[in-house]
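Sharing a structure with you now.
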Amino acid sequence: MKLRKLSLVTAVGLISCSVSAQHYVITDTDLQIRKGAWVVKNTDINQDAPTFLIRNTVLSGGLQNDSEVLTIQSDGLTIRLSPTRGLGILSVEGDGIRLGWNSPVKEVVNPQYINLESRGGNGWLEGFNEMLVRCGFEWTGHAVQADGMLYTLHGRAQNTPVAKLFVDIEDKAPYTITVSGLIQEKAFKKSNLETWVRLSYVPGSKEFIVHDTVTNKGDYPKDYQIIYHSNFGTPILERGAKFVAPVKEISPFNDYAIKGLKNWQTYLGPTRNFDEMVFNIYPYADAKGQTQVMLANKVGNKGVGISFNTRELPVLTLWKNTDTFNQGYVTGIEPGTSFAYPVTIEREQKRVRQLPPGKSANFTLKYSLLSNKEAVRAYNNAIKTIQGDQKTTVVDEPMALE
Amino acid sequence: MKLRKLSLVTAVGLISCSVSAQHYVITDTDLQIRKGAWVVKNTDINQDAPTFLIRNTVLSGGLQNDSEVLTIQSDGLTIRLSPTRGLGILSVEGDGIRLGWNSPVKEVVNPQYINLESRGGNGWLEGFNEMLVRCGFEWTGHAVQADGMLYTLHGRAQNTPVAKLFVDIEDKAPYTITVSGLIQEKAFKKSNLETWVRLSYVPGSKEFIVHDTVTNKGDYPKDYQIIYHSNFGTPILERGAKFVAPVKEISPFNDYAIKGLKNWQTYLGPTRNFDEMVFNIYPYADAKGQTQVMLANKVGNKGVGISFNTRELPVLTLWKNTDTFNQGYVTGIEPGTSFAYPVTIEREQKRVRQLPPGKSANFTLKYSLLSNKEAVRAYNNAIKTIQGDQKTTVVDEPMALE
Amino acid sequence: MKLRKLSLVTAVGLISCSVSAQHYVITDTDLQIRKGAWVVKNTDINQDAPTFLIRNTVLSGGLQNDSEVLTIQSDGLTIRLSPTRGLGILSVEGDGIRLGWNSPVKEVVNPQYINLESRGGNGWLEGFNEMLVRCGFEWTGHAVQADGMLYTLHGRAQNTPVAKLFVDIEDKAPYTITVSGLIQEKAFKKSNLETWVRLSYVPGSKEFIVHDTVTNKGDYPKDYQIIYHSNFGTPILERGAKFVAPVKEISPFNDYAIKGLKNWQTYLGPTRNFDEMVFNIYPYADAKGQTQVMLANKVGNKGVGISFNTRELPVLTLWKNTDTFNQGYVTGIEPGTSFAYPVTIEREQKRVRQLPPGKSANFTLKYSLLSNKEAVRAYNNAIKTIQGDQKTTVVDEPMALE
């Protein structure tokens, strides 16, 4: 199972790193490798390494038949990833706090059973239950018929099994674990995007990094979009829970959200007929573009923070879906290049980016579990520092009508 | 293979039953079980049990790759079910009589290779070859574009692999075998239906029971529809074969069927250019809502009967597809909550039912193989008793135009 | 592995042949056989047989999970076929010359991950990377909405896993190897086509034969179309490469191709913004209908020839896609019953053929690797002989507008 030592430079090809690491190939369509069931633990690396266990399993039966789940267990966090669904994050757990939510969709649905064009382009909803869904990269946003085709809800990346799946583990402290997957969005004449999606985690810690690189392998410029659709339910989301962010401007996604503008910073409990309210946010950032946002429970002793760079991800969608539990009580905190409007609107409003031939774009997000008052307070203070005395503009009408 | 003893109450969760039974889990997506190839026989239960063999197999190759077929063999009937296709019934055989038909589609097509939206929403036809297809539960009927989506022909249930597959066998007489499967029709915000579909069979007997329970697991009322599309070809269907039912009202599905009204009770042999004639029937029932209908061959020594309750399934579609053999010589006898019109028409005409949050609806149908004159005559008499001297109204125009 | 001796008559059912052969069943959905990994070599047949190795492998991971590749290796050619993708030819190699091309699509995409209706009916492009794609048989050509359905680009055959896969090897000289696959295009009431697709190869030689038989198993006449989409890139395709054919008439497929008419016989190198130019050709043939066409590199020492019969395949599409390398630098030489217009236009212009019930149509094409000047010259001369002094009509406007 342990193949050979490689520096991460070689292994992942994109992260510059001088620490040597164990490199495990779980799947590689070029080398005809698919290990399926696989496991590695700290003692396989080094007697001094902190406790961890990484296990890849193959689910079976129903709509999740042949879907893989890769789990990192440690004294800090337990992280469940779905290689078959674009290496999305199913859930994270630490200190008894779950990051994720309860969707009516229970299975880890294999994309072979999903027709993204069904339900008027909303087939994506038949698999949606993750803590992190990458909405992109060829396009994202609400479904729309344009250019003689149907741009289906939130693109195809999450419904693409990775063509390569690597696990790299540093063989000295801090023994960083990096899980990398390759998403290929290919279609002759239409798309030639290759995206390395990665999660890095220091065993025992309470945070992890998502670091993705999308590359245009084609010879022509290619539009791309990405929304990091990060979803949280109980126990952090609850009546009185707070969303905290350094906000330059916030506006309602549509008319229905206008009446939620006055309470955008707090959440309702599960509320019948609430459906969803969505807000478009331009965050403030520090001089280097770094910013951070947080969801915390009412008393402020449980939370989750996301830090990212507004040069990479300039906008943030706040999705409040505080409907009933069985309907899916959840909020989405969604840094992105785009808002969730259809690609036609995002193009008009100039939020669709373009990659020149051979060029890449990087996206780095750090997710932090905040499991006590001190952690929540410190994260909150850092957000306040970014905001400083800068004003928040509340725009009371949508920037676009779908 | 033999897991543990359970009462059926625990095993299936819905049938109240005090007989203890052997409970076999063939597939369970929660427990990560998918046995695939599996077999149990009477002597595994009890030396006194009548002869039977239950075998689950995994098909391979072509469009049926990884499809499962579960077969119950006994001295009475041999019943073939398709767990990968919603636990539909492929065929039944007993006394040399086959219940089922010959479709041009020969493979047990894995839904992963079917696009229900293809052929204008008629992709369902690429897998259709079963004796029993459940058309539902989210919607059923002819394909129609409405509500910004395509309601594909006859819904999704039959193209959904079951998430759970159990076999329960009573460990004392009558040693009833129950095969249960869980169909999940889930989509965030759209559908949260869970349906237990079941077939119960007493080894050695000439009848079996289909007993389904659809439950709305969501927090909002949810429409549902179901048609039990039960299909029979040779040897029962033939020139001069008869359809017998206690009919309150019969009307043509469309203009083409008007000219078939005068002979609705009998069948043609394979007839070039016949295509199909469809009739909408409201059956009479007894005081408890029980009714029964029958297809019998010309001389009346082979037949199949279906009994059901009109409170559960108030209408019946009679589908006469007596075209040539290779085109599919078959008749459908289809008790349902709805006729086969598109959901838009069924809604207008108030045949679409609704499940309140957390509530269930049950459907029970008993299928009887009638393998001699006495059995056919007795079944016929029971139908006549229900009809009594009540009149049959023949309406000579369709209740709706598609 | 070696099942039994059969004459090819029995084995393939359609080729009349008195040589006895080893018959290997790799896949048979009727017999529940799918061998997956499998290999046979010359010494398994006979000590005198020339060197060859035939290997079937099952790919895994990504979008190509569970796709099969069958490879024939020999001292003459190495031929890679894709049973999961309609037994298309992935690539052929001999004398250091590759027949095939480099598509942005790298995986041998399992059709379970392709939605042919996506991208406005162009989902086919997500799997397109073969040297030979069969575009048919139910329909072919550009996508079009008609008859209440979407006729997707180039039909369904290439995205249909074969239901049967046989390898037959003659047990005496010339030890012809025949790989046969069964493509079933079935849909109740809609299609009942069965097509045996075959490749025959004499080990050590530099040519192979494609021989297909499409049969209408239904009881009604059925339209069919086929285009043998044969695709070549480097090293044969290059700046100054030549297309040679006995041409009766050539016309531009659309307005964009008009300006390419004067240079239809030669190719550009990889050319930014070239996109594609397509030409419709009616070839001349000899008295028996036989004709042949050739692609050769500039200096004329590398080439590929295709011979076929114009009674079977009366038209030829020349597809010049000499765009950049990463966009897919490739030309298609495409004998067919139809041009690449949508089926609606092909019908209007009477190029759609029809099979009576139970009848078959055969198509035979011989592909020759031309790996030196002599071979190219000889092939060229044969083409010139067919043309003789007959005139080539260059029509300067498209025969149809899409």
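Letters are used for the chains, namely A, B and C, taken in the order the chains are written, and counting of residues starts over at 1 for each.
Convention: contacts are C-beta pairs under 8 Å (C-beta built on N, C-alpha and C of every residue); 3 or more make two chains touch, one makes a residue touch a chain.
Everything numeric in this text was worked out from a predicted model, so none of it was measured.
If you draw each protein chain as a dot and join the dots that touch, every dot ends up joined to every other dot. Per the C-alpha superposition, chain A sits rotated 120 degrees relative to chain B, a value rounded to a multiple of 5. In a homomeric contact, the two copies may use the same or different surfaces; for chain A and chain C, under half of the interface residue numbers are shared, pointing to different surfaces. Measuring from the averaged C-alpha position of chain A to that of chain C gives a distance of 42 Å.
Within chain C, the positions touching two or more other chains are listed as 112, 115, 117. Remark: chain A residues 27-30, 32-34, 66, 111-112, 115-117, 147-150, 152, 160-165, 182, 184, 186-192, 217-220, 357 touch chain C in the complex. Residues 57, 59-65, 103-107, 110, 112-113, 115, 117-120, 122-123, 125-126, 128-129, 272, 323-328 of chain C are the ones touching chain A in the complex.
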